[in-house]
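Next up, some structures in structure tokens.
Each of the two complexes below includes chain A, the first together with chain B, the second together with chain C.
The block that comes next holds the complex of A and B.
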């Protein structure tokens, strides 16, 4: 502590160490948040449903997605990435997960939303297993914090079924 | 900056930074504003820098009192005595 630069160095080191500890505590406070998100997905229409020339089934859907994810936001939340996936089982794959729609929610004010859209990404099976297939719509989200660890969770909405015939 | 001043500067630096960090965190958490926390802490760091880094007069209240310079001719080199009673070695000049 005898010189100007020595004191400046000591202060800077200690200040940044404290900043790191404060950020770690801020990340820890996310554990006190118990979110109660809601999501609802309606399949309004099967636009078309066909077999590609290479033998894979493809379906086009019109969806109504509504969700209330406001409770996911805390003071340490930068943004939330959310995507909707169709999940089902086939003899070849125990888990098929096809992303149909996604979005980035930048703030709590935008976290209660609904959207009317056809599937943003193509719904193509690995094979020809989609006729009459029952599947789950799963809303996944990744909470991206300002500091600390990322939190991922999901809501599984079961009970969707594709038609038995191509159209 | 004297010895007491150096001790005071280090303690002030640590206490001020910890206090500002605590105030900033509580304020940010209660008002749910991460940005406010960072701004309060940044202000605290600037304040602490201004208080503890420059060599302010209040860090120099305990100057070291050195003895006056010893005149060599007033204290001639001691002659080695015949009867050595003390075990101390003669002081080298």
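The block that comes next holds the complex of A and C.
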């Protein structure tokens, strides 16, 4: 009844249970954080805008992205993954989300940033609907915890428009 | 003589009773493990509610040996979500992030493109030959929770089966030797 193995098992089970409870509590404390992030995106230039031979529109943009995401960080935050997506509707597709830029923020010190970049992933439509298209820029973030629940949220910035002609 | 016979009989009956108790205990352990796993399947709606990260393609977010809890709801798939998907012709599911989504107006079908945070390019090279997009049926679930390091147990056990036998042997011994 009180063999070595029996005691080792009881100890291990207890230790793991406590560890699990502590992890759950750490994840739960994230709920008390009310973040107030902000983000700003400017389209500085349309580098080129054309129709591919297969009929899909493609556009290349130069962007200026600035954001302050410091309030997202808590003691249970390992990193924040942030990305900027262009979102628009077309007659064929109700939802189009195209990631243009992303980045990993490893700590609170790096969470206030600005960057000047052309789109990292290709902005290609399914079809030829981009001329004169109005779209939203959405700044998404994905908080990856040290342990527990992952949290995602976004800021939608409306009011962008692509030129009416290819260039 | 009768007295000796009675004693032998009582000892024998104790052993049988003990044997049955042990068998029942063992059965309880196995069935409760099964119930927990199947219960998780019901709650999460995913056929594998927990996956172990096997590659470093999502570092530094997820490292090899971390475990992810999956959830599969009817909610539409949106960019930024971390999904677990199967590719035709590959046995091992992949955990990567959705970077592009096109959802049809009429049918609600989705075209999804994924990429590992730590990879340079997108996942078209990992997909089957000529496949450009993932569809709903490729996706097994989306990651909702995270626990570090725990998956090392299964990685070690699958790569060195000897540890598995040692562990099973130790647990079996424990079940047999415990008397209450």
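Assume the second predicted complex is superposed on the first by the 158 of 167 C-alpha atoms of A that agree within 3 Å, B and C clash if a C-alpha of one lies under 4 Å from a C-alpha of the other, contacts with A are read in each partner's own complex, and residues count from 1 in each chain.
Assume contacts are C-beta pairs under 8 Å (C-beta built on N, C-alpha and C of every residue); 3 or more make two chains touch, one makes a residue touch a chain.
All figures in this text were calculated on a predicted structure; none of them were measured in a lab.
> Quick one: is A:76 in contact with chain B, with chain C, with both, or with neither? Answer first, second, both or neither.
In the superposition, A:76 contacts chain B only.
> May I ask you to decide whether A:9 touches chain B, chain C, both, or neither, giving the answer as first, second, both or neither?
second
> If you stack the two complexes on chain A, which partner ends up touching A:18: first (chain B), second (chain C), both, or neither?
So A:18 only meets chain B here.
> With both complexes overlaid on chain A, does A:85 touch chain B (first), chain C (second), both or neither?
A:85 contacts chain C only, not chain B.
> Once the structures are superposed on A, label A:146 by its partner contacts, choosing first (chain B), second (chain C), both or neither.
After superposition on chain A, A:146 lies in contact with both partners, chain B and chain C.
> So, A:121: does it touch chain B (first), chain C (second), both, or neither?
A:121 contacts chain C only, not chain B.
> When the two structures are overlaid on chain A, which partner does A:29 contact: first (chain B), second (chain C), both, or neither?
Only chain B is touched by A:29; chain C is not.
> Looking at chain A, which partner touches more of its residues: chain C or chain B?
C
> After overlaying the two complexes on chain A, where does the chain B footprint on chain A coincide with the chain C footprint?
After superposing on chain A, chain A residues 1, 146 contact both chain B and chain C.
> Name, in rising order, each residue of chain A that touches chain B in their complex.
These residues of chain A touch chain B: 1-2, 4, 7-8, 10-11, 14-15, 18-19, 21-22, 25-26, 29, 74-76, 146.
> Going by the contact rule set out above, which residues of chain B touch chain A in the complex?
On the chain B side, the touching residues are 1, 6-7, 9-10, 13-14, 17-18, 21, 24-25, 28-29, 32-34, 37, 41, 45, 48-49, 52-55.
> Help me check something: in the complex, which residues belonging to chain C touch chain A?
Of all residues in chain C, those touching chain A are 60-62, 76, 78-82, 97, 99-105, 108, 111, 117, 122, 143-148, 170, 173-174, 177-180.
> Would you pull the chain A residues touching chain C in the complex into a rising list?
Per the stated touch rule, the residues are 1, 3, 5-6, 9, 23, 27, 78-79, 81, 83, 85, 91-99, 102, 104, 106, 121, 126, 140, 142, 144-150, 152, 154.
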